[in-house]
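Going in written order, the chains are labelled A, B, C and D, and every chain counts its residues from 1.
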Amino acid sequence: MILDAILRQVSVRRDYGALAEYIAPLGRIDPGKFGIAVAMRDGGVISVGDAEEPFSIQSISKVFALTLALGKIGDALWERVGREPSGNRFNSIVQLEYENGVPRNPFINAGAIVLCDVLLAGHEPKEAIGETLRFLRFLSDDDGILIDSEVAAAEKTGGFRNFALANFMMACGNLLHPPELALGVYFHQCAVAMSCRQLALAGRYLAFGGVNPSTGRSVVSPQCARRVNALMLTCGHYDGSGDFAFSVGVPGKSGVGGGILAIVPDVASVAVWSPGLNEHGNSKFGTAALQTLTTEMNWSVFG
Amino acid sequence: MILDAILRQVSVRRDYGALAEYIAPLGRIDPGKFGIAVAMRDGGVISVGDAEEPFSIQSISKVFALTLALGKIGDALWERVGREPSGNRFNSIVQLEYENGVPRNPFINAGAIVLCDVLLAGHEPKEAIGETLRFLRFLSDDDGILIDSEVAAAEKTGGFRNFALANFMMACGNLLHPPELALGVYFHQCAVAMSCRQLALAGRYLAFGGVNPSTGRSVVSPQCARRVNALMLTCGHYDGSGDFAFSVGVPGKSGVGGGILAIVPDVASVAVWSPGLNEHGNSKFGTAALQTLTTEMNWSVFG
Amino acid sequence: MILDAILRQVSVRRDYGALAEYIAPLGRIDPGKFGIAVAMRDGGVISVGDAEEPFSIQSISKVFALTLALGKIGDALWERVGREPSGNRFNSIVQLEYENGVPRNPFINAGAIVLCDVLLAGHEPKEAIGETLRFLRFLSDDDGILIDSEVAAAEKTGGFRNFALANFMMACGNLLHPPELALGVYFHQCAVAMSCRQLALAGRYLAFGGVNPSTGRSVVSPQCARRVNALMLTCGHYDGSGDFAFSVGVPGKSGVGGGILAIVPDVASVAVWSPGLNEHGNSKFGTAALQTLTTEMNWSVFG
Amino acid sequence: MILDAILRQVSVRRDYGALAEYIAPLGRIDPGKFGIAVAMRDGGVISVGDAEEPFSIQSISKVFALTLALGKIGDALWERVGREPSGNRFNSIVQLEYENGVPRNPFINAGAIVLCDVLLAGHEPKEAIGETLRFLRFLSDDDGILIDSEVAAAEKTGGFRNFALANFMMACGNLLHPPELALGVYFHQCAVAMSCRQLALAGRYLAFGGVNPSTGRSVVSPQCARRVNALMLTCGHYDGSGDFAFSVGVPGKSGVGGGILAIVPDVASVAVWSPGLNEHGNSKFGTAALQTLTTEMNWSVFG
């Protein structure tokens, strides 16, 4: 079976890519970890490797934050964040200055900080964090999803660049709450820990027209699901998004914890985890595994 | 039927968008022109409006030039041009300087000039131009496709910015032929005139796994077709590519003549033409028509 | 006499330029205020207008902070801040990213924040602030120089862009103390209030080879004075520095409070104040007054 | 005597810096060449080393082109070129795009191409070139000044980046003649060969208030001389201008042929030549020699 073949291929390789050592706990992960889980329409999950082990989802959380933010303020969101690929590194501040504090898309750090500002909606950070966590538990039907407080603390300690981005947007009038509050939400979202199984289950609403196929209940409109998928495809892998679309061919969102959530519309939601990163900050083996999977299964959205 | 409904919607609108007046002949086109053609797998073409009238395909030619260039040098192309969205205007020279003369993707002007340099392959410009023209006639099965020499001349007259791009890349060692030769090919490619019908027919190999469905003969490999589609989706509409993916949801490539070629994998190849452009230089009504079409037909690749 | 003529010229003009309203107390200053003071080698001060009225010296404080920082760590400073004009607005963050957190010169905001980090030297902000204040009082021989606490508070309230700069440099490893401490010093330095008379007296060491001509005692080495003057000439007026050199022809440093300190080597130290600013953020009438003064007196360093 | 001491210091050093090998004839110069000439008010010239040997003046020609262009159109020039340091490399095209084809100052390549466009004034390139040559011969009182045609040819052969700059400005409407004509003048100006003696003599009008002190006749107004000096100080050494002002302390203009013209107002005009360049493209030993000279003679304009 294809997942076993992928696991065999990966298990002999040692060229893992680099760990995200600037967040201390992520630098201590065993680079040999590898898991993949595929959640099908019927609720079944096929998985191999370390698919039950929680890892830090990091920027993958931006997909769920975007979904929640669109639920809160709808298309008004697009006045505060763009929908275009950035052509820059994930934490670049250059573009913010040229475009007056409006991030190019919701999946670069600055854009996700705006999403957190939307989620705050006048409340305390812990309420917004709680809402995100409840949403993830609901989507995965799993109350075991937690925030890794050590990671959250490390995000803050090393988060000067994110403080710079948030303060810059505040100076431009594109945050409604003090930077430290929006960042409080941001750092905790990044620190959510999920297993491949949980993540694949959580992504099903994007694969199946906004509906949770287990319950048949709508999570978001079909149009909203399509749009989130479109943004994942054009902007989901930072400045390696074009490459991911070219080689893997499905919408995906990566995190520097080494996870990737990939959506195969009408077919499956896939989560993969391998902690080593390539030069764009995306999981090296995770990308390779998805490329093999979509090629072998003929799952590319491009024919 | 949906195309008639689209034609009715468009025919009452007068907010055409701006013509590409910096290329003189394009500035004299009737902004009220509108045509759309859908080429199906079985070879049938459904069309409405001015779908038989040739227009200047401009940057849509880059799709075919990319296909030919990949056929000539394969993956070696990617050492000379990237695969990432640009995050800049179509003719920006800033990115070229920051990335040492390597254009971000083959669909911005600088990237397409590299494609033309590849097509030259030591020959005269007229041979490379002839090859492109033969390829288009073959794909459309229509020997009536011609180059508009008035447009080609106007491209050259007003092409100082493209001369700047080509000379800059030459300075960086990323052109193998003198800039004026690569530009000679480039200006003539942009000046190819095709109707929506011809263009929709020409695009079928991208919709159907690299195969011309009429003849059943392979034009390119399925992988090559997928990859061109991926690049169209992430980079096909300049700095409005993210927006097009978000709102239309299929691979597409626009030209400042007002045409758009859109690919619905496994379903259809679509060409639309309306000369007025939006702020990103893409056909305003053309984009709207495609949005209606893909929404009504449920043709988005994103589910 | 020339100063009276300048005062007459200015007193009939009403095209003051814009107040720095983003710092609230500066937005409430009477734009009609105007003062100028010229401190000569013999200790005499000639002045007209509102030359005894304290105003917020803002970025002029960077000249004195630079002098103190050079005294603390000497040429090691130049590993943390450059000596080149910036080619950008005073608070641009773009350059910082392109040059990895090293500000182009000590007179743009980011550069001055580095100076404040040097002045901290492991102590509390209030000690570094006190040191600056003592230095200014010593140079002016005037213990009446104070910090305007309302201005200091307003600097902090509206200082998100400076928070962004400081956090960005911290992320790059170019601050040794927490951003809020360096900024604490920075905001208070900017809020020092001095009159034209006090400021002209304070600047004499730069005009007279590093020596306070009243006492004959050396403040800094002649070489140090020359170098500070050189930096004032090339970088002292943000992105209007070239223009100031071109039209006024002597080293100068402006502040958004409307003050300018100008140095005429071997001749005089001049301070002028008029709160309205030109498009580069430099005092509009202040610049004009200095142009008249240096032209009439033949004081340009350029012959 | 000071020049002899400088010659002795230089003669033992072998860390010449890099030759400008991208212009082939400049790459074949003996890096051990060194000359310096000081032209005094009384017409006397003191010199040591290879001060009689012609070298390629390259960008130093921009000083004389600026003088001629100001003579032709006066302050109207400043609508087409700025007066601010660039904060970028001498041949950067990035700034041109951000500022719509208006070069930041007349001493970067793009700015000098505008000067050449002004000098053309509707005539043939050879007339504009002839005018420049006549001006240099007049200033030096030496008819032996020639253009090195081999260098001029090499400038053109390797001038793709300058072609890019010129075409870009043409696209922005900031050239009045075809790019190849303005570049024809530009390439020949850069190829003028002069000795240190000739160059020092030619620069005297800038040191002495616009007057040729030998004849007592005015070349330009005192104000014009001051302004050219101001631009030399702020912009004369590309992105090393701040450093030159900081360490040498007088107006200067360098060329990649290894020459520097330095102006000591009211005292002397100095030319130095050493072909090896530092990281900013300015003569390495030439800068060091001038630093020693201005320090020992107390010639800094900064006191």
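A few remarks follow.
Everything that follows uses one rule, which is that a contact is a pair of C-beta atoms (placed from the backbone, for glycine too) under 8 Å apart; a residue touches a chain by one contact, two chains touch by 3 or more.
Bear in mind the structure is a predicted one, so any value in this text is a computation, not a measurement.
Common neighbours of subunit A and subunit C under the contact rule above are absent. Between the contact lists of subunit B and subunit D, the overlap is empty. Look at the contact of subunit C with subunit D and you find the same residues on each copy: over half of the numbers used there are shared. Rounded to whole angstrom, the centroid-to-centroid distance between subunit A and subunit D, based on C-alpha atoms, equals 55 Å. A straight line joining the Cα centres of subunit A and subunit B is 32 Å long. Shared interface positions of subunit D, i.e. residues touching 2 or more other chains, are not present. Here, these are the chain pairs in contact: A-B, A-C, B-D, C-D.
Taken in their complex, subunit B has these residues touching subunit D: 92-94, 96-98, 160-161, 163-165, 167-168, 170-171, 179. Touching subunit B in their complex are the following residues of subunit A: 82-88, 95, 104-105, 206-209, 222, 225-227, 229-231, 233-235, 239-243, 245-246, 249, 251, 263, 265-266, 295, 300-303.
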